[in-house]
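By letter and in written order, the chains are A, B, C and D; residue numbering begins at 1 in each of them.
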Amino acid sequence: MQFEIDVMLDYQLAEPADVLLQIEVAQMPDQRLIGDTLTVSSPEPLRPVAGGDAIGQRTWLRADGVLHIRYSAIVEVTRRRPPLLTLEAAPARLLPAEAVPYLMPSRYIGSEQFEPFVESRFGGLEGGAKAAAMLDWIAAEMAYVPGASHGATCAADSFVERQGVCRDYAHLLIGFARAAGIPARMVSAYAPNVAPQDFHAVVELWLSDGWHLVDPTGMADPDEIVRIGVGRDATDIAFMTILGSAEMKAQRVDVVRLP
Amino acid sequence: MQFEIDVMLDYQLAEPADVLLQIEVAQMPDQRLIGDTLTVSSPEPLRPVAGGDAIGQRTWLRADGVLHIRYSAIVEVTRRRPPLLTLEAAPARLLPAEAVPYLMPSRYIGSEQFEPFVESRFGGLEGGAKAAAMLDWIAAEMAYVPGASHGATCAADSFVERQGVCRDYAHLLIGFARAAGIPARMVSAYAPNVAPQDFHAVVELWLSDGWHLVDPTGMADPDEIVRIGVGRDATDIAFMTILGSAEMKAQRVDVVRLP
Amino acid sequence: MQFEIDVMLDYQLAEPADVLLQIEVAQMPDQRLIGDTLTVSSPEPLRPVAGGDAIGQRTWLRADGVLHIRYSAIVEVTRRRPPLLTLEAAPARLLPAEAVPYLMPSRYIGSEQFEPFVESRFGGLEGGAKAAAMLDWIAAEMAYVPGASHGATCAADSFVERQGVCRDYAHLLIGFARAAGIPARMVSAYAPNVAPQDFHAVVELWLSDGWHLVDPTGMADPDEIVRIGVGRDATDIAFMTILGSAEMKAQRVDVVRLP
Amino acid sequence: MQFEIDVMLDYQLAEPADVLLQIEVAQMPDQRLIGDTLTVSSPEPLRPVAGGDAIGQRTWLRADGVLHIRYSAIVEVTRRRPPLLTLEAAPARLLPAEAVPYLMPSRYIGSEQFEPFVESRFGGLEGGAKAAAMLDWIAAEMAYVPGASHGATCAADSFVERQGVCRDYAHLLIGFARAAGIPARMVSAYAPNVAPQDFHAVVELWLSDGWHLVDPTGMADPDEIVRIGVGRDATDIAFMTILGSAEMKAQRVDVVRLP
């Protein structure tokens, strides 16, 4: 399955600033990058650095005045996914080093607060079945409401407020999973069928000795998700961090499944 | 119905401090104080001041070294309570001045956060029936766990953590009620059958043009509650505020229904 | 000294809602209301209720579609203010009932957090001299930056961020004062020379057995402040609370000192 | 310079639980581990995994009933440290991948909140001189008060409260540094002269293309610090995480400089 991705970001900076970009498709075994181009209106050369967990990359750049960014990519996704219900959770003490940080609370995800709820609601299930029940709960209880959350909204807020966007859905599922002893990380991604079309945030759960993609919003089919980067929560996967102030002029993300 | 109340507080102060006490039974039409005595080991005379909403009283005192407080009271409660389900909620714009502050969020109760949940879960009900459904939800979902919460725990925390003590149950019900447009205030009280026996916190809801007592923990029969004071949340009804540091040596609350 | 006040609020509501307005000048000994008019495009009669601490008033109203509010007033202020430095702080145990709630932390003002700082920075001073030093500190350390704070910003946030608007300045001074044992309440007000001209928020400190106006932003001369209402923090003195959603179309506040 | 480290942890578990231990000295170029022994009363073999940033290690273990842990080590520290004032800060856009995560806010460190303060207080300085001024500010303004903070205390709380322990000092310095664009990470460590003797938390700043140890409490000489692990904040460097509940019976940390 091939996807064509096209991104356009237009910002205006009052003063020169360093910018960290994280919009490029990660080259990974289940998503092969056929080709991509990043064009930036920068006075200096771009400086790519490895992304978190050595997945994908971030790009440092210098911006001044008009910041015009254009990214296009073609990527082939061939993901062989076992059914969620067949996946198993390992006891914590058998987790590898790479999964350990994703068991801990993080900035937007105070996962330990969810423990009694997760135990009482999902305690009778294990592994993939437990994760599936969490996804069902979120689908039933949460409303997707653009504008209902903001940059400081954390997983506990979303649990109380019962509304949010993809970022909030992801935080909530990650909070539930970690509270149940299942490592969970957040993934920035491209996917078709995201409405309104934008950068998307989904989740990877560590089950049966590997990371498994799920989308708590239900908008993206996990077979059609193209990863950009991974991290503990929204902090780590921001598509752009401007170390200064800027005004957004225009922004567009297009993801099309090629026939 | 008569109750005998006996309280003993023993604290040790390293330095002299002013202390605000709020443990005396409020004289009110539905709870007639037959007699009470407050004895304090203070170097200065006690200074009573009116309590919040002109209900009950607080007492200022000066303490140094050993602070030994003893309070005993006999009170007759004759409360004629209409069934909760018969009570009606007024539109906000008909609320009197005394109910208005209890519609607003307060320190521990960010009630506006609960609005979508309250609307989706209880939106089909009105007035007393809505309040009864909130009480049922709390009874089903919350676990009474002494030590699970602390001084900074707010209503949203309790909603996430699904456990707490009387203070947390009260905050949560008040949060739900205010989110539904029902003014709600917190009441410090004495009641028999509170286990472990201690100062108790319950709730008053403004319905059918009056305040109506309910106990979200279900431990106290509203006919057997003896009010001390009222306020917006735990901040206002603390039984003792020491403007300095002190160590608790012993503390005992006894409430007995007289035959 | 006479002031002419003129307010215009234009909002658009998608659905009918109850609205609580708090924009009318409070009739008080040191600010005599010569005349005022409130006009509201409401389908129902307005319902005034007493304001907090029985100062001023709030007005309930019903709104639907276009909400057009116009308020104009002429008020004479004759305030005899003793110099701040001559005012004295009473020991907490001598405070009257009306001052007690203003010693406590409130929703946006976790005053107890400031105690070590307030003790180390202002501990050597008393009463009015201590308050003056707090005002000096705020003037030196805070920057008035419209847009830097938002509805959830609390006093501790403002202390960390060192910027905000009148609401944040007031929260911070109140936090300092309460941490020092000086009761402090927040006052919504009109004043000339507020830039940009808008509703203003200032502070009253309880010193020498009375409330004394101060403006931590330094924009308003305390002799020229016209009070609307008082309360524990921004929660209580909102100029308008709409129990539903609305869009602001236009808003204007004019305060002119008459010659 | 050689150090002998001796740690004893005694806990009691009501139910079997998985435990993540992070107390072993990291083998690194500037701290050579001459020998160490970890003894745990566990029914299963210990499972070591690499620590964060591939520094040091964590150890998974299974515990039940009595958990008795003993760790002893001898380590040689030969740290060649350039003077702090000679170190230089790179522009953000030249930072390598390993430093990038340490520029971001994390769970206990909302570093972006400190930006205006850091700019106004330290804005005239650069690199090591800026860091030195931050250390001076912390030394002058903070009081080391065991018990003044708790598990939820964040950097902003410590900034407001002006007191705390090594964890809070480290969070605050890291918050200042990140707000100034200097990557900063938290380090769990052993050091002599820590009073009371315990696990210690210090900071590494990314300056002049490398990590440089500093101790914002001033208790440990950076030449005498023995690193255990590194991370974004206290979350990552906990010496023990028990996935269940346990009671501490006894705990002792001894660090002695060998003659």
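By definition in this document, contacts are C-beta pairs under 8 Å (C-beta built on N, C-alpha and C of every residue); 3 or more make two chains touch, one makes a residue touch a chain.
According to UniProt, the chain labels map to these proteins: A, B, C, D = Transglutaminase family protein.
What you see is a predicted model; the values in this text were computed from it and never measured.
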Task: Neighbouring chains shared between chain A and chain D, ordered by label - done: none
- [ ] Using mean C-alpha positions as chain centres, tell me how far chain A is from chain C in Å, no decimals.
- [x] 43
TODO: Any chance you could list the residues of chain B touching two or more other chains?
DONE: none
TODO: Report the complete set of touching chain pairs.
DONE: A-B, A-D, B-C, C-D
Task: Residues of chain B defined as touching chain C within the complex - done: 18-20, 44, 47, 49-52, 58, 60-62, 91-97, 100-101, 104-107, 181, 235-236, 241, 243
Open item on the list: Applying the document's contact rule, which stretches of chain A touch chain B when the two form their complex?
Closed with: 113-114, 116-117, 120, 143, 156-157, 159-163
